[in-house]
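Heads up, the next two complexes both have chain A, just with different partners, chain B and then chain C.
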Partner chain A sequence: MRVPWSDPRLIFPLVAGAIALGLVVHVKPPITPQEPVVAVYNYIQQLPKGSVVLLAVDFDPQALAELRPIAEAVLRHCLRQELHVVGMTFGVLGAPLGYDIFRKVTSEPEFRGKQVGVDYVYLGFKPGDMTQIITNMGENLLTAFPQDYQNRPTATMPLFQQVKSLKDVKYIIDLAAGGTPDTWIPFGSDKYKIPLAVGCTAVMGPDLYVRLNAHQINGLIAGLRGAADYETLLGTPGLGIGGMFAQSLIHLLIVAFVIASNVAFLWRGRRRKQRG
Partner chain B sequence: MANSSKTDLAIALVCAGVLVVANTLLFAVGTLPVRREGIPDWPQTLVVITGVVMTIAIFSFLYRDNPFFRAAENLFVGLGLGISLAVTWYSFFKPEVYDILVVPAFTPGMTVGRSNLLLLIPIGLGLMILLRMSRSYGWVSRYPMAFLVGYYSGFSIQPTIHSNIIKQMQETVVTTPMPWMGWAVVGLAVVLLAATAYFASKGGRLSVALKIASGALGLAYVIARTTGAPQGPPVGRTEDLAWALFATAAVLMAAAGYFASRGGKVGAWLWFMGGTAMLIFLVNRLAAAFARHAVAAQVFASMDSIIILLGVFSVLCYFVFSLEHRGVVGALSRAGIIFLMVAFGASFGYAVMARESLVIGRFQFLLGDWLHLLQ
Partner chain C sequence: MRFIRLTIPLILAFLFGVFGFGIQYVPSPWASNTKEFIALWIRVIGGVAMVLGTYSLAHLHTTKIRRKQEGWGYSIFFFLGFAMMVVTGVYNGGQWFWNAQVEHSVYDRLYDAFYVSAGATMFSLLGFYIASAAVRTFRARSLEATLLLLAALILMVGRVPIGKAISDYFPTVSEWLMQVPNVAAKRAIMLGVTLGTVATSLRIMFGLERSYLGGGD
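On to the complex of A and B.
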């Protein structure tokens, strides 16, 4: 028998109300960053200035809500540490998203002095098989990406005087909404001995712990919670921390519904028993 | 049916009206148009308004399937395909094929570079794949496909096996050395679980006490494992939560004392809830103290290795169907089911969080980018 509050006409508005309340009311819930997120933060923190970090923006609009906050936080951290960031994507729909993220972060007052082709570059999308492109990047980044996303020749960029191939990259961070880490690990990280971290959707998180335990990736930032963890470590609140109170409220709502439904179930069972 | 259609139309008209009024108000109060460095950004304004309309159209599916939802859905698919074509053309095909092969070939005074002529081979192979659509010449597409399959098999098999099988097996079998404190914890757990299993069939208070002790030990390990890990800047307020739990337990127990004098079941229930909260608080404090111990990290690493090894072995046992699941194999396969359930539970929890994040993302857009209600 259904309980009265299982009606979607009640549940949906309540969830919507909880989210709206959680976003509008500025409450920052206690956030203790998880170990895999701290590992990424610490690794970037100890990289020498000027090291090249490859940021693979391998997601599309469906995963924007989860991966955009991670991408922004990681990019901010890299630029703050004066690392050089090379962005790229294997997702065709991710190409404009990655460009938008780079444009937004680099236009913040803190990073106004950063120059395209010197401190960072966004290479955009390259069609084809991932294994082949990664291998091509391992041989020569300039032949893999002769132009950046805005069709500027990469050969003349000062950044590419320092980094000729994937072997010159000190850290790869794959922001993934699909199976790209499974290709980055054997063909990028293992082959060229480059540490790899993954930022991913929450759905992918549990599957990637296997890679984490096998030390195939050295850190993991999963979902909006991962983004909130990273923003906490960075001390720069963004969309991740902004969404945490709303997420907590939805969790409380779900727990309340589960408890209420179970109580109703037990109570009805007891009444049925009493009636015989 | 006719009434239902009329209701749907009325709802759609009301939504459209609300959107028009809301946008007009936003323009009137100056929230719209979107401004970039003080200058109105009309293309971005159009993007925001279109995004709002599309978001509401997609959310309308919560009411029921309707033409607005289907229009938004089809528009998304079509736009995705269009953007894919445009991005592929501008970021790859134009600079790497058209500009260096087609433009010089048809521009007077320009010649195609010799090395660039090699591009004709992959272009030819690609065109051969397109012949798949022809009934008469479909067989031609098998040649490039055979080439592709052969090339990728040879290229991918070794790294994939190394990464997905050998490396995983290595890390599962090779365990971290266990310090004496870890062995003490493992020994205690084994004794407790064995005693719990033995006395479970006999019932009685000892059985209940052992079950509670086993649960408390498991909870303590989980708490210690999750609170003792991060080595970053000091953040978080888990201590506050523990003390909030203590305060709750104290209030519940005080209330239990008050209601106990009046008789009835309320006092007993309050005692139970207060006692549980106090037990969790004590376990939390003990676990936190252990987590701060110097050897804690090593113990956690060793325990993780043991749990993973046990999990893999027991789950494999569950999937061995050529042996009857009785005796040791039966016990191991039952443990395997527990490991599988824990894994499915974790995946489901993460999946729920992911879906929540998507809704939160849309609300951040509606309340932030459109209504400017978020800071």
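On to the complex of A and C.
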């Protein structure tokens, strides 16, 4: 009997089953953090207390599964290091997600003492051309964002007595599900000499290795695996580590399918040759 | 007529091209104020474009419903969804739209229950299609295809934690594949695209590329 290795009717149920199994069965595979993720962790680790970090939550619900764990882990790390975090987004549909991430992390018992406008602020979404807004932020952050996501005036916030423009920011982390790093690099990072790290979906990872290799970004957290690496470094397991067994199972399943379909393909070719 | 249809647009393209390029490199308050002014206008124009886009979308679906075109029933859901989000967004939990978004309002709940769930589901479906596409694509049909197949297999095993548990070589080789062949290929593509963009921009600025004007001359 010919096994339909490439038939979606066989592949889809097995993929669904493997994901379900991986998420239900709590197995923690050993995780060795990758170098580009360690670079981000180490950079945040060495920043002096009170430094301002800009967290750009540039993703929408489509990339939630991969980028939310990264956002939460990075935000936790920054707050734990007593850094001041300014959050914002260029994605209108992702603006509530960013707010939700800030709300969730800052309400954890560990960060109860952190105050909005003092230790962190979420500015939300700003409409318009990204290049122009970043340029505007480089000149004056308060005119670019006169209010935060909750319509509170930023001019009276103690945090903005310390940070007047992008030039006062010590690190930019762009959590991207699209082309935003390509604009952050020339107009935010290069122009004002601010180191930039990127958190992105797994499919964007290979593209951003070029930026990493050229030192245009100093670290990269790609996909759920990147989140798991960061959570491992942080010692706070979350959705990243939780998804690693499922991801491992799926990858192994696909590899098994690819090998099986190739064996069948070569076998058929050989039989055809033998028949002449 | 030729002066209005051809010469003036070419002069404008040249002037605005030089202006847009130069303004990024002039370190003066005038330049930064101009940039802020332009940013403001882009937002205004964006707002107008959004109105036009909404009108166009509504017109498309109205026509579909009126002519009972195939799948016209789905167009009703466009209007339902649109009305639901606009009304709840404007009402904003009783605070109206000019105030900050009210937490846990109907709008908030609709966003979480519909948009977030639907968006995440659509993206998750990709996982299934990628699995199916990988099985059909990675076939050892030629030397090049076999190399691609091997690289894919190593990467798929090397990028997940279980890869290291199988062998230390998997993460090492997969990292090499990402850092060397991947970067080389991507860089070549990026350089090609960027040089092409610069060349096209210069051709437009100097009037050598005129296809944007329409017409033959």
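As a working rule, the second predicted complex is superposed on the first by the 256 of 276 C-alpha atoms of A that agree within 3 Å, B and C clash if a C-alpha of one lies under 4 Å from a C-alpha of the other, contacts with A are read in each partner's own complex, and residues count from 1 in each chain.
To be clear about the criterion, contacts are C-beta pairs under 8 Å (C-beta built on N, C-alpha and C of every residue); 3 or more make two chains touch, one makes a residue touch a chain.
What you see is a predicted model, and the numbers here were worked out from it, not measured in a lab.
Participant: Following the superposition defined at the top, how do chain B and chain C come out on chain A, clash or fit?
Facilitator: Result for chain B and chain C: clash.
Participant: A:265 in the overlay: touching chain B, chain C, both, or neither? Say first, second, both or neither.
Facilitator: In the superposition, A:265 touches chain C alone.
Participant: Now for A:149: first (chain B), second (chain C), both, or neither, which partner does it touch?
Facilitator: A:149 sits against chain B and chain C alike.
Participant: Would you sort A:6 into first (chain B), second (chain C), both or neither based on which partner it touches?
Facilitator: A:6 sits against chain C, while chain B stays out of touch.
Participant: Which of the two partners, first being chain B and second being chain C, lies in contact with A:162: first, second, both, or neither?
Facilitator: neither
Participant: Is A:33 touching anything from chain B or chain C once the two structures are fitted on A? First, second, both or neither.
Facilitator: first
Participant: Would you check which partner chain A:255 touches, where first means chain B only, second means chain C only, and both and neither mean what they say?
Facilitator: second
Participant: Once the structures are superposed on A, label A:133 by its partner contacts, choosing first (chain B), second (chain C), both or neither.
Facilitator: A:133: touches chain C, not chain B.
Participant: A:210 in the overlay: touching chain B, chain C, both, or neither? Say first, second, both or neither.
Facilitator: The answer is both, since A:210 touches chain B and chain C.
Participant: Check whether A:115 is in contact with chain B, with chain C, with both or with neither, and answer first, second, both or neither.
Facilitator: neither
Participant: Tell me which of 24-32, 132-140, 186-194 or 222-230 in chain B produces the clash with chain C after alignment on chain A.
Facilitator: 222-230
Participant: By the touch definition above, which chain A residues appear in both interfaces, chain B in one complex and chain C in the other?
Facilitator: In chain A, positions 8, 12, 15-16, 19, 30-32, 34-35, 60, 62, 64-65, 93, 96, 127, 129, 132, 135, 149, 151, 202, 205-207, 210, 213, 225, 247, 250, 254 sit in both the chain B and chain C interfaces.
Participant: Given the complex with chain A, which residues does chain B contribute to the contact?
Facilitator: Counting only chain B, the residues touching chain A are 62, 80, 83-84, 87-88, 90-92, 95-96, 152, 155-156, 159-160, 162-164, 167-168, 170-171, 227, 229-233, 235-238, 240-241, 304, 308, 343, 346-347, 350-354, 356-364, 367-368, 373-375.
Participant: Which of the residues in chain C end up touching chain A in this complex?
Facilitator: That would be residues 24, 32, 35-36, 38-40, 42-43, 46-47, 99-101, 108, 111, 115-120, 122-124, 127-128, 131-132, 134-136, 138-140, 149, 152-153, 156-157, 159-165, 171, 175, 178-179, 182-183, 186-187, 190 of chain C.
Participant: Applying the document's contact rule, which stretches of chain A touch chain C when the two form their complex?
Facilitator: Those residues of chain A that touch chain C are 5-6, 8, 11-12, 15-16, 19, 29-32, 34-35, 60-65, 93, 96-97, 127-129, 132-133, 135-136, 139, 143, 149-151, 202, 205-207, 209-210, 213, 225, 228, 244, 247-248, 250-255, 257-259, 261-262, 265-266.
Participant: Touching chain B in the complex: which residues of chain A?
Facilitator: Within the complex, chain A contacts chain B at residues 8, 12, 15-16, 19-20, 22-24, 26, 30-35, 38, 41-42, 60, 62, 64-66, 68, 92-93, 95-96, 124-127, 129, 131-132, 135, 146-147, 149, 151, 182, 185-187, 190-191, 201-203, 205-207, 210, 213-216, 222-225, 232-233, 239, 242-243, 246-247, 250, 254.
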